[in-house]
């Protein structure tokens, strides 16, 4: 921290006060009874795991959602925002994680888009001159004539911020602002935010990066499960304490690791291993790098991390959907063949995150969907044929094992409940998972019974000697079910810990990007070395 | 107490009944419109019935209309199965006609040898014509709707240039036409040539290809959900390419049949909207290759009825209006087929509901 | 679904590119030997038909409201209806040049027509039907084939063009004439060549600039073509389009114009010189009468000057002496004189018709080259 927080008098009126804000969606409590103050001249960090309710709360503050209960008080007056415009008029501006700019327009045009102060006569020159003036006024350098599509993420963010500030925002809300920035750009951003704060304005910065929060904020509010779990002066906080607050203490440690007596032991050699593997995303950025990880037969490996830390890329590497841009993927110690089909043939099943859109053809019947993994081999396939009666038999078999009640096999699979779809996908994948099963967020959107069924499936598969990877945002699930837990943060594998003895605070720290003390971890590299 | 409830699936027999009702309703609405404009709808209906299905001429015409419609309808349908639209059947029809004409004009020999060569040349030309949209779709995600559509105009002008330029009729001086092409698909029943049963066989073949081969399975999955195809490691790009090329070849085959079976010349304007009508046929067939056959029959009947009505001094645009009405009512019928009456269960009826579930 | 290649734009996606070149163009089908009436055997006669049992079918290439070609034919149809009130007649407009034409002609036959007259050349499409319906008389305007029951007819519009061309040659000051053409086809060659030869007969310095607009009905394109011709120094415009766009241009620019199909005097009375006007009434009435009487035979027929085709009465601004000189030629033609006599050179300088030879109507009917001084077609 390079500057002291702005001191606020006790009686000073908060820029924004939220009193008992609640917001419910069907079946979900997004926010409940959230109280929050934002004082002039401070930077407040809003910390929380994915799904903790940060985005919903900010959408309420910026007029996108209307709260189901509670009050929004701006400068001491209760307000009610019918539209985002009302919020902007009250001086609240938000920079979203995904920018809301028109890529084909210039910076100047984007600044003036949908703004009642935009002059009636708009020539290129007028807009660019005005933009230049605004840029100087707020100390945010932008190139008015540049087309937004040609700008880097950092430059686009500056345009967004300038757009918000030019509308006379006194409270600036930034959603994960550093996620798309280089370290240099992040430093520039923080400098600009501090300058903004010095003028008596306020900032809310949404983040789950502990270091960043410690660096920039004056106070921290931690959201957990839609509720405010506490607001602290940053100088009183430490990363472990924030991590613990963020992750929570309500986790019930149970051991679901019990093996059947006849269960196969953990295999000597890994079934899949990643060696210094990395993945490049469509923009060319390494979104996962230097991951060295081994999955053994007969174990369940949990993968923890806040959303977007590289889970998708890791899943891709383990299932053949992504080709490694760096390092390599080995199956049974041999270089893995290319392509998802080859991985499936090698005995690696995959329950993807979004089953309806990734693992199923929603409009097709159950039989066609159940043949997805076995249509190449006899009896369904072979000789270039597709035998629909054999596919129906296969589907019947899967339906029976999955214990799902269906009207008939021709029913479009989208008409089944989410739980039944998940069961069918799981059973279909388990059928082919001779070596391993990779399950991404298997419990998402399911009720408790369906989640328990999934866990039972995984245990059975583990007992049968296959390796199971479970990627989840539910720490409780991971801690209770898996043998080891790998923690991802920002595209890196932070550590792999034995689940039974893993410390929740440590996991929280690792998820937040802090390296945990060495003795607490079973380092991935060590693990690899031990196998080599 | 019973009420209507929408079910996610529509049983085939209900779809059939509702579609029959839609066609019937179209007939009734058309009759009313004709009656209002001072004509005798019964006389017209009788004439249409007699001319289109009650006479040898009419039946021959139906078959001749159906032949290209089945092929262009199949061409559009198979691209629908992979989630694409081939709007360019008209252009591929032209190219097929041109390719067939090239062989017919310049390769001497008996029909038995030349006609198969014409078919091969036609299909190659059709595939070549859809190649650029195909590659643009597969490798650059360029909308095939626009590219295939625009190439129609190029194809039409290309054929026009051929028949007024290098291939113009130097024998009889016929304009915008090549000379008579002697290699011909033999006639089997009046003017109906063997292209008609061939088109029926092609539709059945395509249906088998899509329903009974792993290639067809991959096409169906790719069309229903590209994400699932990627997940299963299907070679989507290759499937897109093969489907679009096949589609181009089918439309081109329609052009070849028209040249070698019906017109016996390559002429400007000969595609006659068969490519565009293939889209209508595909929409009516709802993605089923076998259903293309009855859909083509319905379309052929409408076109035939249109010709009868024109000779009864009704404008050709009447046909357009009737086609639109049929499409709209059939779409409505397809939706209504999802509804079935459900008995509002009194407490005692619980058992019954369980049984039906 | 509209089956023809639509001309109108509101058909949207189904319209495709309009490649229908139109009426007199499509003349597929006959070897040149068929041009002449058959000799050596008597053409078969068809059985007579009572007027009240008769059905005469007309197939038009455009809409009867086109104000030009098809309207001219429709006036003939109306004359037939007036003359034979008990007879039934039907027509279909805008028949495309495709297998649909065959279907429509077959439908005429199926409905019991004893005579089918199509006002444009449909080549094989009509011949196929005629061959399978030997009891029905078929007539094709601007056709080529003649069989036992299929004949063609056409108007010798080139004589009227020649007469009008003479006035053009006499009144032009720039010696540059302009022609708003449609397609490079014989009837257009005949029209442009005849006009230019007429002009050169009185003013050998005359040249003709032609522009093909690739449409029979496109006022926009015709206007642009006319403006371009006027700008390049032409002070007399003629053409073969179905609407009066270039006459309006001539009126605005203070130059002269001659039209065709029907009198279009009202659209530019000052600029109007004359027009090639068509009248099929008498011809159609006589053909129908012959068919009813059972005396109709299949033979090619030309409607000659003064009998179905003529120049319109001269415009108000045409000098009397120029008109008189042209009318003198008209009288000679009516008396049997053929002005299309050698030497005639083509526009590459090649002698096509040697001195002492004349071009017959059949030669002119298949004219496919431009005469000396003509530029711009084909």
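All chains are identified by letter, namely A, B and C, in their written order; residue positions are counted from 1 within each chain.
FYI, a residue touches a chain if its C-beta (ideal position, glycine included) is under 8 Å from a C-beta of that chain, and two chains touch if they have at least 3 such contacts.
As the structure is a computational prediction, the values presented were derived from the model and not from experiment.
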| item | value |
| --- | --- |
| Pair joined by the larger number of C-beta contacts - A-B, B-C | B-C |
| Chain ID, smallest distance between chain and overall C-alpha centroids | B |
| Distance from the mean Cα position of chain C to that of chain A, given in whole angstrom | 77 |
| Averaged-CA centre spacing for the pair chain B and chain A, given as whole angstrom | 47 |
| Euclidean distance of C-alpha centroids - chain B vs chain C, Å | 38 |
| Contacting residues of chain B [partner chain A, same complex] | 8-9, 211-218, 220-221, 224-225, 227-228, 230-234, 357 |
| List of chain C residues in touch with chain B within their complex | 1-5, 11, 13-14, 16-17, 19-21, 25-32, 57, 90-94, 96-100, 103-104, 106-111, 123-124, 144, 185, 366 |
| Partner chain C, residues of chain B touching it in the complex | 47, 51, 55, 57-58, 61, 64, 87, 90, 149, 152-153, 156-157, 160, 169, 171-177, 180, 258, 262-265, 267-273, 276-277, 280, 299, 302-304, 306-308, 310-313, 315-317, 319-320, 323 |
| Chain B contact footprint on chain A (complex, rising order) | 320-321, 339-344, 350, 352, 354, 357-364, 368, 371-373, 375-376, 381, 384-388, 407, 410-412, 414-415 |
